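You will see two complexes here that share chain A, one where it goes with chain B and one where it goes with chain C.
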Partner chain A sequence: MSSFRRDKKEEEDTGGNIFQNLDKTALLQEARYFNSTPVNPRKCVQILTKIIYLLNQGEKLTTQEATDIFFATTKLFQSKDVVLRRLVYLCIKELSSMAQDVIIVTSSLTKDMTGKEDLYRAAAIRALCSITDSTMLQAIERYMKQAIVDKNPAVSSAALVSALHLSATVPELVRRWVNDAQEAIMSDNAMVSYHALAVVAGARKNDRLSTVKLVTKLSRSPLRSPFALCLLVRYAAKLAEEDQTEASEPYLEFIECCLRHKSEIVVYEAAHAIVNLRKSARDLAQAVSVLQIFCGSSKATLRLAGARTLAKLTTKHPNAVAACAVDLENLISDPNRSVATLAVTTLLATGAESSIDRLMKQISTFMSEISDEFKIVVVRAIRRLCTKYPRKHQSLASFLAGMLRDEGGVQYKTAIADAIIALIEENPDAKETGLAHLCEFIEDCEHTSLAVRILYVLGREGPKARQPSRYIRYIYNRVILESGPVRAAAVSAVARFGATCEDLLPNISVLLARCQLDDDDEVRDRAIFFSAILNSNDPQLISDYITNVPTPNPVLLEKALHDHLRLNPDKPFNILSVPSSEPTKEPEEAPVQIETRKQPVVSLEELYSEQLKVVPGIEKLGPPFKTCKAIDLTEPETEYRVRCVKHIFARHLILQFECLNTLSDQLLEKVRVRLESAPGYKILCEVPCEQLPYDKQGSVFCLLEFPRGPIETLGTFGATLEFSVRDCDPTTGLPDGGDGYSDTYPLEEVDVGCAEQFRAHVAPDDWEASWERAASAAEASDTFVLSQSDINEAASAVCDHLGLPKAAISGDAVKEIRGGGLWREGTPMLVRARLVASQGSVTMKLTARSPREDVATLLLAAVG
Partner chain B sequence: MVHTNLEGSLFEPTLYIVKGMCILDNEGNRILAKYYDKDILPTPKEQKAFEKNLFNKTHRANAEIIMLDGLTCVYKSNVDLFFYVMGSSHENELLLQSVLNSLYESVSILLRRNVEKRVLMDNLDAVMLAFDEICDGGVILDSDPSSIVGRAALRGEDVPLGEQTVVQVMQRVNDLFWEIFKN
Partner chain C sequence: MGLLDKLSSWMGGGGKVVTVLVLGLDNSGKTTMLRTLTTTEQEGQRQGPGASSVPTVGQRQENFQSGGVSFRAWDVSGAARLRSLWERHYRHCDAVIFVVDSADHLRLVVARSELELMLSHPDMSGRRLPLLVLANKSDAPHALSAPHVASALGLERITDKPWHVCASSALSGEGLGDGVSWLARQLREKH
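Right after this comes the complex of A and B.
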């Protein structure tokens, strides 16, 4: 008895867990027990459970091990034990992807799925369909059709769901079962009707007309299953979205009907669809009131669903959301933090300027209770608020600064710093206070990367402030107190003050001299470098190496350096040939969201560099100078869609034609583009697209050499798409036997202008000085009368022509456009345009300066 | 196979709604877990990392629902067990909630309302079958707990511990002892 007690105790200790410390090899041994006859169900169940448990824990089996277990398992078909049989099915499904020759159990499973035992049938169908392939399926097709209309709902559901899985691989086979599935939609069982609807609608998804018929028919005869109704609402909503005319009205009426359904799932589904479909605020009223009720629910999921959907409305109908302000304010103290954060951000996005202060007060109590990621969401919302209400910058900035002082991880701090930096950049009034907050923050900042960033911003913005000397103390403190990287960044920042503020230069020189004794190599190097440049007193040097240093795109720089080392390691590397990194644009994001995930910003050049590798000899062209945005060469709704992307290299041009075949019954082969070359261009080679199946994008490349003289580069290429067509089966995509016939398709012309060949940027701050310095360079100047009558339109058209951003425009009555840039071969240029409106037309005087006269003339020729 | 369009704002008309289901213990260890979308958390390593993260974010706050790594996760806990159902963040949350409810309710019936780790481990085979009956490859197969249990709890002779005779208990304990001993 005492031993029994001890056993019992041990069992307690391990939590009665026979599954702890399972060992794969031991278990493989145990699986041999399956071979013994007669089968002991109880013991086998236990071993099988252990095997499935082990697989579920993520244990990897080799193909041999999996096959061994699989074959041992098949022996268990001898036993009639229900649990054991069901576990065998489960095990077959788990192992089917790992073991070999799994189709060996097909006959056993087929026997079970057609047998009398209902408990076997449903599960056997699902197991069978997970191991079978299309050839075997033909043999069981008859049974599947019977099973779909079986009286037992479990069997019917199992067959329908299996059919749905199979439709991904063998759609044409499943399409033959649609009639049976159609019958099953009207089943009394909720799940059967749900699954059947999906099978029927899935088989018709490319046939709009029959989808319309199906939805119209079912929306009249109410489905009982809430799940099926949800699915029907989705199909109806999709139809309504595709067809924005009056004809979509019945679908919307049906969806509105569903708002009164007794199941919350359906009500929410309908409300969500309406919020996304309805255009006018009046039509939304019903759905919004339903969502309002959700917000007051006792269930967190319902509150989140309501708040999330309302939040989505903020961009389209802020007024409709503003009406729910009371409900949302109640949610600020919600125990579910996702809900609370959503409510706060939504309120911030819709609130009026007057209510901001009150909201901020409420938020400050709430901020200490939420996790970092939610705080980041709130910070982003505040940042948008700064843009929306620039006059509120004082209170918003102090709120952000307050958060900066609180505890938090590096991501949270970065988000706040980002918000303050954005505020400084956008709002001149906020600059001084923002910089002061940042200065205070770096006094006590433990994150190196963040400190470096802030020092960079101080170096860039500080010298422009009213009293630059204030910031030097903060920056120099870093040199004394911080680690190597921060000290180096501080040295760079100090040097920028020296470059911009002449009265501070003597002091800066002393500081830099002290830094030359630093322990860290990088800090010393920088200090010596900057001292030398500052002491040279050459404004051009100072501008090129301290104030206006281009920052190359790191990914492309790495690639260019690799290519350079491989091809001509002896020559010096020209860093200017690498495209500089664009100022990162904020990706357009939904104004309110609860998750803090950021898509990485990838430049066009990086995006295409992989695709361009197919062009022979690409590595000899050097790094890409610029990749232009794709231009459509066809109308949007045509059979073949072609877009042209121009890749500019120093002396070469690659035209990439991205082609899309929208005809499901055609396969295009040997697709090429015939170019009628502009004079002076030489076509070097061409990479055709061998096959262009339906709905898969393919690319044709043409490599051209630019003409010598810059002026001759302006030109237009005629383009025609040439290909041979083979008819094919729209469902399988396999071509018919015939050879096909060749065909052509006219494309719009491709222009090569001026904007493509320049990497232009807005005038730097010391533009006047650089313009004066360039006075000795070649200058081209001319006066034009522009076709536009409105001066604003004219100015933006000129910007488009020169490839300058709109921010280059300044002035009111007399518009002035100032910008600079780099020509593809590396020649810098500066351009200035003055536009005056007089008597219904706009006159422009355009002046370009560049060391090469022909480049300057090119700029003028492009406009003329 | 599963197409989730995050750009479009309408819900996608698909049956592939459940991206994953799992049951964790009170230390965040996996007891059972299934992931149904090849593109979401494809390797056991990523899955376990996700589960740890999920557990850390949810085990103290009893808040029913959380958005994590692009997934909507609804959850429910009892004693030392945590039940989770995951779906796309662009999915009807209430559908996921109903899957969670049927999972929890089925397990609860299977365990005769003793929803705790020890009892669950003793009935792991039935719970595995229930998992399989609730969701097939991401498609909700059944949502009615009584019919799920009807197809998962098949052992007629299984008598609850309290109603077993002393001999039966001894026999079972003995079986278990040999099991452990042999391992």
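Right after this comes the complex of A and C.
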């Protein structure tokens, strides 16, 4: 027995290797075998499998190679072997996007598709739809229509799904098949009915009225297929979401009725739909109780579905989920770790303060058994708890520290470090313990990036602690023990202590002097630089170069340096001209999720810098100072959608009009925007959009020069879209003959205000000191009466107006807004606003200080 | 295996498999001709003549047997823009059937130039492939006779290949049998 088992194992070992180390050129040679007559099906099957395997491994074929293999494959139509034929279809589908002249198999496939062999038909339809282009489709339309209503479910499904794929390229044509598809909705087969519904609804997706009709009609008819019902529930939920009036009532009734369906999948879909409706559903309890039953199911999928949906619900309706606490607690010990993690995180999010300790104990029992991914989910949940229950920081921080000591990958450790850093920043009570945990962690942290980050945090937060000197030992240990980058970061951190704590300065100077003998260039450079700055005893210098150093956006800095070297390498480079990096915002919704999808955080400036390259002379304008968020200049759902993005440069303004043509039967040409310029502005050039086909975004650019005086920059531009229209065929997008006619389309006005021209930031910690230092600078001050009656509203409105983040607001009865910023030409400016509510109105005293008086006045003028 | 297969294997001794390429301009009757051949050979007159066929897009593959030889026929589209794909099949074919619409006087020159282009292709010239020219649609009014078609195509100048021209009607099947049996004889002799 044991020998037999070993044999089997060996067989598996060798068996798994057949397709490894395949060589493309050798395979191309092998494919020539297809040309011989007659062919051996077994041999061909093996070669085809190899080809498909190779393609799916990501191997790239040139067009010539793909075409050669494709033509060789077409020769295999001579064999009647079923397995081989079906592999041929697969191969045709794989190669259809790479090879040339793929349409030559059209007739062969049509023959199979209409033939007697059922095994061929479905696969032939799929292959056929992947090789046809819009011109050939007319020829096969008749067969497709027949196939859709075919009595063989596999054939019918294949035709419907292919139609769905085709509707992406030729929606018009597919719309003609809707009648046949409608017939197929009533099919007995669950899959056919489901696919047919998708085709019918897909063809009507731009027509709300007929979608409404479809959903209403089908919700009354007994739809047998559970899959189709699920889809219908989704459409109904979407309609209910769009229509907030009474008219959406029947959809909700239908969805609730589905909660009592006998198929679990439909029940879940309905519960999921109700839970996700944006409006507060009337009867959440029913849906929640269904999910609760799911949590107790014997099937792992249902438990996961239930737990996951409840976890999502916690952000919106924590109370509704709290009722399920008992069921969720049963799931903590679930053998499926995904379910357990979801249950725990949900409980953490909904649980009362008192139950936290108990839960934490339960988590620690299985923490070692779950994978890093789930651990990260738990860490995030704990992090949210820290914000929610600041008083629990002691136990939470020690739990996090315990996890930090365990084994784990860099992502897991980063998540924990993030949580502790967030705790330090949010909760002053937790600062000391948190910093102590971090210090302990870097003692044996093998991840350089993480160590550097923690050193930075220590440098920033440490000096403010009660006893800064105790951190210096930890930091200086790094200088002795670690690699170059970590040593450099440690030197910077030490310097920050020196800059902030007067009494430690002599000791720091000694430490820095020692670092000047380091092996690493960067470490030596930093040490010398910081010693020099610290020894100068100039508070302004220390503030600018050690404590409040602006961090430019790295991508834009690189681009700016590149441009600088190319254009005027002789002049000094002004680092202030590069936009500083904004703190990356956490995504707002924070539902518990198992899969972590990451989207790169890109600033607006980076996003647009590629597009702006078409503007002639753009490189002479310097780096972009700021890019504002896009503003809609048209009503939604109109024929043409235009959004305006303002790009601010030191002395110039680029208005980018992002246009979208939503008419499928029109092609717009020579699209430009006529601006009625505000006084003082000079229009330098304009880049029109040559062609604007249906559903493709195009941009028109206008380059303007700012007026000299800052006050004159406030203004409004009238804008009109001008273009010439050519009618075109909606299916192909090709224009009809003829020149077309010109037309205009009025747009809303574009305002240029004050906030656009400032890059604002919240007051740094030493704002008072900077404000005092700026006392000698020009000051402008005025008192305003604001229209808002509520002081909070007024304060946030002022922040919006000045472009300051909401964090700038402080104080209770008397609101104080403190902020600073940089004007587009590089002039710094500080602003303070004091708001007082009195007798139903809010009075504001706004003071601005700046080296240039006109800039300060601009700020006041903008508010007034 | 059908009875005919067995019969032919007894008669022809072995049942050779050959690849034959069916060429010709569009609307010359290639697909109809093949259908007539396959149905008469295998299933009798089940579909009946007269059933019209749609223009072939790309290529089709049909099998039929005659005179002890099993033919794998490639029916390639004759549409102008797809004619460039013919040459993909040249290298691996054993015989060529060239179908001409003998009632289409106007395009006989086009057929001639396509034929010459095919014969001068590197994969074709110098090989002793049997070439069967079918002067199709002989039942149509104003149809040219087979000798006329042969001279119009300049067949007499072909010296390196055995060729045969016969008048045929793909719809009724008349004349097809003669032509195909000539082809089968040629192929049996050659191998």
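Methods note: the second predicted complex is superposed on the first by the 609 of 864 C-alpha atoms of A that agree within 3 Å, B and C clash if a C-alpha of one lies under 4 Å from a C-alpha of the other, contacts with A are read in each partner's own complex, and residues count from 1 in each chain.
In the analysis below, a residue touches a chain if its C-beta (ideal position, glycine included) is under 8 Å from a C-beta of that chain, and two chains touch if they have at least 3 such contacts.
Since we're looking at a predicted model, the values are computed, not measured.
K.L.:
Using the touch definition from the top, say if A:436 reaches chain B (first), chain C (second), both or neither.
P.N.:
neither
K.L.:
Thinking of the overlay built on chain A, is A:101 touched by chain B (first), by chain C (second), by both, or by neither?
P.N.:
second
K.L.:
Just chain B (first), just chain C (second), both, or neither: which does A:335 touch?
P.N.:
Touch partner of A:335: chain B, not chain C.
K.L.:
Please name the chain, chain B or chain C, that touches the greater number of residues in chain A.
P.N.:
Ranking chain B and chain C by residues of chain A touched puts B first.
K.L.:
Pick one for A:136: touches chain B only (first), chain C only (second), both, or neither.
P.N.:
After superposing on A, A:136 lies in contact with chain C but is clear of chain B.
K.L.:
State which residues of chain A lie in both footprints, the one left by chain B and the one left by chain C.
P.N.:
Chain A residues touching both partners: none found.
K.L.:
Can you name the residues of chain A that touch chain C in the complex?
P.N.:
35-38, 71, 74-75, 77-78, 101, 103-108, 110-111, 136, 139
K.L.:
So in the complex, the part of chain C that touches chain A is made up of which residues?
P.N.:
Counting only chain C, the residues touching chain A are 17-19, 54, 56-61, 63, 72, 75, 77, 82, 85, 88, 91-92.
K.L.:
Would you mind writing out the residues of chain A in touch with chain B in their complex?
P.N.:
4, 7-8, 10-11, 14-19, 21-23, 26, 45-46, 48-49, 52-53, 56-58, 60, 82-83, 86-87, 90, 93, 119, 122-123, 126, 130, 153-154, 157-158, 161-162, 164-165, 168, 190-191, 194-195, 198, 201, 227, 230-231, 234-235, 237-238, 241, 264-265, 268-269, 272-273, 276-277, 299-302, 304-305, 308, 312, 335-338, 371, 594-595, 597
K.L.:
Would you pull the chain B residues touching chain A in the complex into a rising list?
P.N.:
Of all residues in chain B, those touching chain A are 1, 9-15, 30, 32-34, 44-45, 47-48, 57, 61-70, 74, 89, 92-98, 117-118, 121-122, 124-126, 128-129, 132, 136-137, 139-144, 147, 151, 154-155, 170, 173-174, 176-177, 179-180, 183.
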